[in-house]
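One chain, subunit A, appears in both complexes that follow, with subunit B as partner in the first and subunit C in the second.
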Partner chain A sequence: MENHSLLQRLIARPEFGPFVLLVVEVAVFWGFNHDFLSPQNISNILAFTVELGLIALAMTLLMTSGEFDLSVGSLFGFSPVLMWTLFNSGITSLEVGFLVALLVAALIGLVNGWFVTQLKIPSFLVTLGMLLVVRGTALFVTDGFPQRTWSAEGSWLANILVGDFFIGPFRIYMSLFWFIAAAIALGYVLTQSRTGNWIQAAGGNPNAARARGVNVSGVKIGLFVLSSLMASFAGIISSLRTSAANPNSGTGYELEVIAMVVIGGTALTGGRGTIIGTVLGILILRVMRNGIVLIGVPGLAYNIFIGAIILGMMALHSWLERRHQAGT
Partner chain B sequence: MSDSPILFVRTVAKRFGGTVVLEDMNLTVERGSIHAVVGESGAGKSTLIKVLAGIVRPDRGTIEYDGKKVTIGSPDAARKQGIGVVLQQAGLFPERPVLANLFVNGEPLHNGLISRREMEARSRDVLRQLGLAVDVHRPLSDLAPGERQLIAIARALLENPRLLILDDPNSALDRRQSERLFAVLRGLKARGMSMLYASNRLEETLAIADQLTVIRNGRDVLSKARQDLTASEEAMIGQLRQSLFPLPPRALPTLAGTLRPQITVAGLGGGRLDGICFTARAGEIVGLAGLAGSGASNLLAMLFGQQKAREGKVRFPDGDGLPRTRTEAARRNICLISGERGNGLMPDKSIAFNLSNVVVGARDWGTRWYSPRMALGRAARQIEALRIRSAPEMPAGSLSAGGQQKVIIAKWLEIGPQVVLLDEPARGIDIGSKQEIYALIRQMAASGCIVLLHSKELSELTGLCDRILAFRQGRLVGEIADAAMDAGTILKLIAADEPGSEHRQSRRESAA
Partner chain C sequence: MAEPLIRMQNIRKSYGRVQALEDASFHVNEREIVGLLGDNGAGKSTLIKVLSGAVPLTSGDIFIRGKKVNLRSTSDAIAHGIETIYQDSALVTQLSIARNLFLGREPIKPPRFLNRMDQEAMNNVARDLLKQVGISKNIPPTTPIGSLSGGERQAVAIARAMHFDSDLIILDEPTNNLGVAETQGVLSFVRNARDSGHSCIFIAHNIHHVFQVVDRIVVMRRGKVVADDIDPKKTSVAEVERIITGMSDKEIRDAIADGKPSH
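The block that comes next holds the complex of A and B.
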């Protein structure tokens, strides 16, 4: 038990399960259809992966601290709508509109955090309420119609966020680099920084954390703001890439994001989180969505597989947990 | 260093809702000394310590620290003043590595990132002093309860406090760890650290304290240097010193064993246990002695249907076979009372609810539905019978540790148990409650229960039991009765010479 080999230690890591699943998934899809690993398809998967991925990264930290945020999907739709509405009506430039959208998102996160930590209302209820408020606002402001977005081409903001170029046969969007940067930064924050230690302490045993002088409320409010900011940022990236700002976009993303995070091995109850696992979880779900269509399963069947994966992974996690507790 | 005391507490008062916890508390801690605070549970020790730790704000009164009047408004403020605190509920993070636990909110940074190397370097000495040989990268939940307690103490020591406050630090420690801790504390005292030490275990407190303050009902009633304590004052310290085991050993009724209900265990094995055979009859208290890893607590868990047996036959008074679930056990009048803190208690629920949950869930209760009125009535009876100092409507979590343990016992008394399994039932609670619990155990046996008692405190076994079964590494290695029952004999029987086995087992227990 004491002298693990390198392999054993690798297997014991929480990220091992999702990693195996991802490899199996890729192998199976590739077996069915060799086009699955074509440069074009990989580029396709990556383009959309990062947009949900950004939200999932922030959600990992939030869930590690013991809370979660259901309002991210509606912010994903609302922020681009706000930005384009400001721009189209000539009130601000695109850049200022972008900043205003982020600012509003941060404010929404602040409100979420304040309700959860100060009024002690469970985050499920607070963010469910916020989901409806934000989505409702987006629909109301736009009368339910998509916003015009044709004038983004060539603006420097669009270039930094979603400018695309080719590396060999791969079409890469700038947003991939934003995602990688965010993953590395948040990975470091979670595992190597004091803040990360506080996040895990706040989620693992909030009373003990408070007794140690950790500002649990502050940490959680900060993470709610981060989660809202990331959702807003992701929504704007998505809208610039697809040249569309639909008040309905992002519906259902909150649950998909949470699924990504728990499949990766983060505990829904807090205290334990892993960014690497989340990245794997993001890829698992996105590859699944893409692969299913590619091998000819009707896209509408997608959710069946997602549900099965969630159930399977949770069963695996709990089995590993029990085996660990049995002291083997 | 000046000679003035490091800490004055003057007329501090605190009430929670309608309950006065501290009424008029005064305390003076000299520099470089160990000051003990003793008192029954509920006397206000833990609240006093939380006030000094900055977790609870006092309503009234002043605190003077290091010659200055201070307000300790937060745990951080306490730490800045150089006050290190180890709380009774240690406040650790079981899922995180040991190392992370040692440095929560005190993480050493290197270029803005946490430096694991520095954390290891800084903690190595302290851990060695405390005699802790653990892999600091493992999750804390892999450690045994005693080791976890020492980690909490190590965490406080790592901040080099000038005043170290310990609330009942050795409740989870075994004798060897306790002695080690005391040696460390004496060493710290020699280097000039001041300590405030709250405890329920009077004997150990007297062994280490330089000064002593007795508190009762939120007031300090006596404060003196250890050596000035007169015999009569020691007696007054409490009903504390009064004999823990009030009733004399009883002569067993000499009825033929076959006529009385009994448990027969034959060849029971499973987990670490192997080939256990014994009989326990109604009216007797059978002790199970054994170190961590001996399997004695596993045996109790098995008899209660909590762990599966691999082989063997067990005959209960009501028939053959082990209960398969805890509910079945409760239906068959078998109960297990464990000293693990918080075990089976719903702290947010009322005492009445806690008292009735087993009987409502597992047994016929007279009415078909849960009736709050009936629960209150029955709870009031138990509260009076067991002298629980609270009202039935109060949340069970508001009770002191001893009070909570009494609620757990009372809830099992509600089913009218025939077989009473006790796994360290009096661990970590104050002397007064201990005594009452011991008396209850005697009463249960006298009224015809079959009582099996496992404890790591040998005095508890010799004081209470009619005979003692000794366990070592999963096997029954001997039985002692009557005059042969002394701690030395037991220790010889149970002391294992394989240190590794103890470690492994304790880890499994802590994870469960």
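The block that comes next holds the complex of A and C.
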């Protein structure tokens, strides 16, 4: 068992499949069109990737604990709308509006977590309901129209969140660093901290965890709050970068995010999760979307490829799982 | 007379109109392995669930070393040093052996605010414990529970109870679905546990397994403890079987007082 070679151990890791897929994908797109790896295109891919990625990172932890959150897409749209509405009506400064939006998001996460853990309603139903409530609120307060966004350039908040600069030929947004920081922090929490052990136990065998004195409900509520906060944060970043606050933005993101997480190797049933895998999953889907357009496949065909990737990766993961269970 | 480790007195438990336990009294001494026997529905499981905090009792008292305790949850019972190992042992199959051993009590590496587990210490303790409970195969402590056999899982659960100084380890059908070698393994962990100062309650349908390890046999029938001082060295399997299935009280008394196999 211990004398497996380094290569064998590498292949046995759950992140290996997604890694190979990403490499193949990049190689194929680059083969078709060398512009794919141009600095400008890489910068383009990264700009939006990290915004969805922030949500996927939090979702990884939540799904490891055995729950998931369908309301993230609606929060992605709602939070910037709330922030800009508060700012435009002169009630608060932009900074306070930002904090209020995060606070409201945390509250929504708390409600999600409370319904799931205390009323014992499956997270699918709770967060589906919350999706409609939040999206509905966003549409109602704006009458369905995009909010006027003052060009946020110059505000220190905007600079910290999405200020851009060039490293060589690469245009980098500050959000990339937020994403990297979040990936490192959450990866650390999941694999190194005792909280991570509780998250995995909560998803793997909640009764066993409870019997050992682990506060399973507390862990899950905390992760619902984290998921809502990250969705809200990502929505605000996206809104500042594009100078737009549309009550409809973020529609369908919840499924794309969940797809990213499971493609990366996190179990939909809980108990096992990987941040590295999720980062790979994020890149796989975003590179796919960008590459398809670049090599001339109609953008509308994008979903065909995404669906095929999800099915293929699930088949691979289940095969690896069965082989693993057989003890080889 | 010394106060026993655990004393349950006049325990009643009813589910609606069904009386699962009627005035059951039961005790376990320090460093003693007690075999709890009885037919299906005799009340063994209910008695154990009450003691492990899984179900509340209707009336009666539980004393630990002479002090009355109130066990409202399984974590209450664990805090009082009572560890229960069920058939489907309470382990997280996705987590490694070491992570399961320390679940809920993970050692933290300083500085504390980083909340970082001391995985090296966890793995070292786990490696030692695995040796102690007699897993001779070289299994790294980072192996997930999911790839262990049934007997190895029981061993990990027992190791956990031993490491955290549980005074009483309750084993509910620990030898079910185990192979011969694995069963012998579990039985020897139980003996080790007693030798290192723990008490055990051992529940099994297989009377022969019970006879191999226990110091004293307690028999339940229809929610009552009908015999609580059977010495396995002086009583035959057949006699105990007769007590389990039911005989007149006089016959039971005679059988125990006789102190000799009757055939």
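Observations on the structure shown:
What we mean here is this: the second predicted complex is superposed on the first by the 324 of 328 C-alpha atoms of A that agree within 3 Å, B and C clash if a C-alpha of one lies under 4 Å from a C-alpha of the other, contacts with A are read in each partner's own complex, and residues count from 1 in each chain.
In this text, a contact is a pair of C-beta atoms (placed from the backbone, for glycine too) under 8 Å apart; a residue touches a chain by one contact, two chains touch by 3 or more.
This one's a predicted model, so the numbers in the text were calculated from it and none came from an experiment.
After superposition onto subunit A, the modelled positions of subunit B and subunit C overlap sterically. In the overlay built on the shared chain, the residue A:Gly271 is in contact with subunit B and with subunit C. In the superposition on chain A, A:Ala201 contacts both subunit B and subunit C. In the superposed model, A:Gln192 lies in contact with both subunit B and subunit C.
Of the two partner chains placed by the overlay, subunit B and subunit C both lie in contact with A:Ala211. The residues of subunit A shared by its contacts with subunit B and with subunit C are 1-2, 192-194, 196-198, 200-201, 204-205, 207-214, 267, 271-272, 324-325, 327.
By the touch criterion given at the top, residues 1-2, 188, 192-194, 196-198, 200-201, 204-205, 207-214, 267, 271-272, 324-327 of subunit A touch subunit B in their complex.
Across the complex, subunit A is touched by residues 74-75, 78-79, 90-95, 99, 102-106, 108, 114-117, 119, 138-140, 143, 146-147 of subunit C.
Touching subunit C in their complex are the following residues of subunit A: 1-2, 189, 192-198, 200-201, 203-205, 207-214, 267, 271-272, 324-325, 327. Put simply, subunit B touches subunit A in their complex at residues 53-55, 74-76, 79, 87, 90-96, 100, 103-105, 107, 109, 112-114, 135, 504, 507-508, 511-512.
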